[in-house]
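Next, two complexes with subunit A in common: one pairs it with subunit B, the other with subunit C.
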Partner chain A sequence: MTDHLVVAEGLVKHYPVRGRGTLAAVDGVDLRVERGTTLALVGESGCGKSTTGRLLLALERPDAGRVTVAGQEVHALGRRDLRALRRTMQPVFQDPYDALNARMTVERIVAEPLRVHHAGGDVPARVRELLATVSLDPALASRYPHELSGGQRQRVAIARAIALDPAFVVCDEPVSALDVSVQAQVVNLLRRLQDERGITYLFISHDLALVRHLAQRVAVMYLGRIVEEGPAGELFADPRHPYTRLLLAAAPRPRVRDRDPAPVAVAGETPGALSRGRGCAFAPRCPLATGLCRTDDPPLRALPGTERKAACHYAESSRAGAA
Partner chain B sequence: MNGRSRLTVPLVIVGLYVLLAAFAPLLAPDDPNTVALARRLLPPQAHHLMGTDALGRDVLSRVMYGTRVSLLVAAAAVVVAGVAGVALGMVAGWRGGWLGALVMRIVDVVLSVPFFLLAVLVVAVLGPSLVNVVVCLAIVRWPRYARVAYSTTLQTRGRGFVRAATATGASGGWILVRHVLPEVLPVAIVVGTLEFGLMVVYEASLSFLGLGVQPPTASWGSILSDGQQYIATAWWLATFPGLALFVLVLAVNLLGDAARDRLDPAKRATVTRRRVFRRPRTAEAAA
Partner chain C sequence: MTEPATFLRIRDLRIGFGSGHEAVRGVDLSAERGETVALVGESGCGKSLTALALLGLLPPGASATGSAVLDGTELVGRDERALRRIRGARAGMVFQDPMSSLNPTTPVGAQIAEVLAIHTRMSRSARRRRAVELMESVGIPDAAARARQMPHQLSGGMRQRVMISIALAGRPDLLIADEPTTALDVTVQAQVLALLRERARDTVLLFITHDMGVVAEIADRVAVMYAGRIVETGPVRAVLDAPRHPYTAALLRSVPDPDRPVAGELPTIPGQVPAAGERIEGCPFRPRCARATDRCLTPPDLTPDETGGSVACWHPHELTEAAS
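Coming up: the complex of A and B.
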């Protein structure tokens, strides 16, 4: 039996939209993250991946479903217990500018979690230690965020996130606001921290190339639901859901020779989470859609003979390159 | 003006007013309330630098004593209204829901009632006195602060650093004091300095109507309104208290501007860095 640090079951989050009903940002999501590993959550913008991350961290209340972190049901906890549990789960956000209070020094920013939880001891020394851990010069402690580069700021945000030695960190697009040259450094830092401290990540991203060498498992999200989930290698080598295939085909990659395939755009727009009709939500954009797809919504189901799940009627049959 | 004098010049001016008010009994050349009809309406001269009023009272002495009332009432009104308004606005913005809606509707109601109607009502209930003028001004003006505190809190609530603090388990009070208040304060200070000038004028208006400071106690407002009827024949009556008011309000506004900039580390840093490195780019240094 594998040890799942984070388990989400049947998560649902609806937002009321004035005069137009509700928007189902997250519409029945199940996730399991094994301790010490990385689960990548990928999908287009607006598919609900960030909302899922916020639900896991109890930054928002789900309308249905439950989240268990380290054996504790997050949304059922009282204020005091939740506060204690927050020590074990921390976020790293996309925009390191917005995530750091511009009126505080790096020292105060990184020390905040320690002070909130009355960590005691020599806080300034602990802060310098944390800065060294994320490969920042401890002398930066007296600087303000606007004096740092984007990569340095994101390191400060990571130092704050690991200050309380959390078991679980949700990284919400942690490098997509950074220069490409800096992205690799931050990603390597995240990997090193995982090796050293056994941190479990939920890595939210739209960058499949990044996910490929960071995550053990990948969940593909489309319009508030998981459409395919499985071990990273297997899923990238042999995607079973047409949406996954399109995402992989759309990802930009270096073209060395002219006959290398050019990236393909995913045709059409998402129908919008406001108007989910009958049938598969991907059917309007799917090159393989049949009459069945337009009337019957395929559930996420385990595919025999693999470790994978996919939500497609033709997950077994529609194999290679049809997209 | 460069970074330093932007703060010091208005600070010195306000300091002078405070000293003037504190030591009025020592500095004033004459008793402000001595009536001497023989020397009524004298123009400025060696013995009466600002002339005398219709009852022969020395205007300079009255302006000096008036500074006490004006400063005290305006400062107290700004502080009481500011603290109450900022606290209520922040809680309304943070909690939202029915509580936020309730507070902001009260704000709308208070702001929709004309100032004098409300002021007359409050003073009529409480009776005219110096303390009640402050209470009255605070009741009428706190919604100004509440509005800016409310909207700034709403904006800040959605920022990443607030979410990060929530995620570490910080309580609402912690976040309000450490993350939201530093955003609200600079805005509230600017509102406060603008309000300060208005409070001086409002106090004068209330005193003019007999709802404020009671005669013969001098305040700039009462001297001004006394002088109003002689404006064509005795210009000094309205000019000097008006000038005193003008300079004070200007200094306080400049002070508020400079204070707001100093509360912003990004702006503060550019000022210090420029001073340290003395970059020779004159166009930028002059700007």
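Coming up: the complex of A and C.
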């Protein structure tokens, strides 16, 4: 049996919007992350991917549904137990500058979780070891965040995240703010840490090329729901949801292709999550939409003969491949 | 005239900050009308400063020397009055964050009309109508209603379309776009790139980006910058398919491609970009370059080759070698 470290079932998170009802940021999400692997959560801004990450880390409470990490139901725990569980779950955010205390030295930033959780032992030695693990020059230990480059700051944030040897790390766009050559270095570091320590990642990203490189499985989100999920190779080679295909077509490649703007240029923009109608949320932008799609919201369902799930009435149809 | 006239010609552009440190260290670049040139590089390479200098928009403390001639008009070293006339009438600019360029308390249609008031003699009602037409021309649906909305009521993609319509309002000869799609979602980015491609047919579009994928989508020619210099330039297909400068080649290798996953680690470039103000001896890429020799202690000049490109390297990749 597959060992799923993280299981989320029926997650819902709504935010009230003054005078305009509620925003369904997360609207019924199921996720499973196998121990020691990476699940990528991809989608465009406002799709609910970051909120989902915060729900998994118990940084927010869901309105419905539950999250289980290592067999413990996260949102049912008392304060003490939750505090203990937090040691094993850590975030790495996009902008390390916002995430690091500007008044602390690198050494204190990395030591903080060790002190807060009374990890004991020789803290300075442990900090030196952690900085070495993320390939940071030990001479930087006495520096402040503003004295570091973006890549160095993200290494500090990663060192802090792994200080307590977490089992589960949520990376929310961890390299989006970095220069290209530095992105590759940080991505390699994240992967090496997974190999060495068996860390399980939820990797939240809009960058499909990175996701393909890092993730074993991929879940695509659109307006608060998962629209397609499956093994990375399969999903990239043969996307079954029209939104996944649109995302893939729009992803820039570092080589010159035929410049045919037509399929993407006509595809419009994501409507606000306030305006979800009766049918499929993607129908207004979908080249395949029929009357059925405008009245019946397709559930996420397993596609026979694959390890894939998709929320599309036409996920198996040959028309889908032609779009 | 000894040389063919070029629509935009930048010569030995240097941008320094008081303390004697140069951030842009001698840029030469030319472009013809209708051509899109991508200026690509990592942060701190001087690509944005180069563009800002052309519009007289350098930050306080920075000063430019050298020359940039746009269809007979010198852009460098002009006084503020001359520059204001050039901006808007001859040159337009689109930045990464449209919110920082738009007035948050004025409807977007009125902001476009304002630009028309400065640069045309249209009547008030004609300006209003023209503003709506311009919004339609950049693909804003329901433009008449949208014109009455405030910037925050529009999506990021729509705001960037408004900025593009403002930049194009004066029918500029030069359009500078500095990371205009970096903050946008990929599907919206693709739409904005298609729009810029279509609307920049009569101008020089100088497109500044760090993203090789975006370069591939938009550029006719590309100029790669490193530490304040252009290290390689050429037709986009030649540079992306067969980069000759070791920096260009390494940068391209480190970008993952969704269609071509690599097993194991992503290739990286060892070391880091020289810090601002750092003294650079010889080729600026030398400390990070696997091909460097003693010869690289002498700075190489940008030298034209038979492919229509130029490269500043003593040991460039051969065409066959880089293509493999």
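Criterion: the second predicted complex is superposed on the first by the 308 of 323 C-alpha atoms of A that agree within 3 Å, B and C clash if a C-alpha of one lies under 4 Å from a C-alpha of the other, contacts with A are read in each partner's own complex, and residues count from 1 in each chain.
Rule of thumb we're sticking to: a residue touches a chain if its C-beta (ideal position, glycine included) is under 8 Å from a C-beta of that chain, and two chains touch if they have at least 3 such contacts.
In this text, all values refer to a predicted model and were calculated from it rather than measured experimentally.
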Superpose on subunit A as described above, then tell me if subunit B and subunit C fit or clash.
fit
Now for A:G291: first (subunit B), second (subunit C), both, or neither, which partner does it touch?
neither
Tell me which partner A:L100 touches in the superposition: subunit B (first), subunit C (second), both or neither.
first
Counting only touches as set out at the top, which of subunit B and subunit C does A:V180 meet: first, second, both, neither?
second
If you stack the two complexes on chain A, which partner ends up touching A:F236: first (subunit B), second (subunit C), both, or neither?
second
Which of subunit B and subunit C A:P304 touches, first, second, both or neither
neither
After the superposition, just quote the angle formed at subunit A by subunit B and subunit C, using C-alpha centres and rounding to the nearest 10°.
80
Please indicate which partner A:V116 is in contact with in the superposed arrangement: first for subunit B, second for subunit C, both, or neither.
first
Chain touching more of subunit A, residue-wise (subunit B, subunit C):
C
Minimal inter-chain CA distance - subunit C and subunit B, angstrom:
5
Could you list, by residue number, the parts of subunit B that touch subunit A in their complex?
159-161, 163-171, 174, 178-179, 182-183, 263-266, 269
Please give the residue numbers of subunit C that touch subunit A in the complex, ascending.
42-43, 155-158, 185-191, 193-194, 197, 210-217, 236-237, 240-241, 250-252, 254-259, 261-262, 265-269, 272-273
So in the complex, the part of subunit A that touches subunit C is made up of which residues?
44-45, 149-151, 179-185, 187-188, 191, 206, 208-210, 212-213, 233, 236, 246-257, 259, 261, 264-265, 267, 269-270
Residue numbers on subunit A that touch subunit B, as the complex places them:
57, 59, 82-84, 86-87, 89-91, 93, 95, 98-103, 109, 112-113, 116-117, 144, 146-147, 157, 160, 164
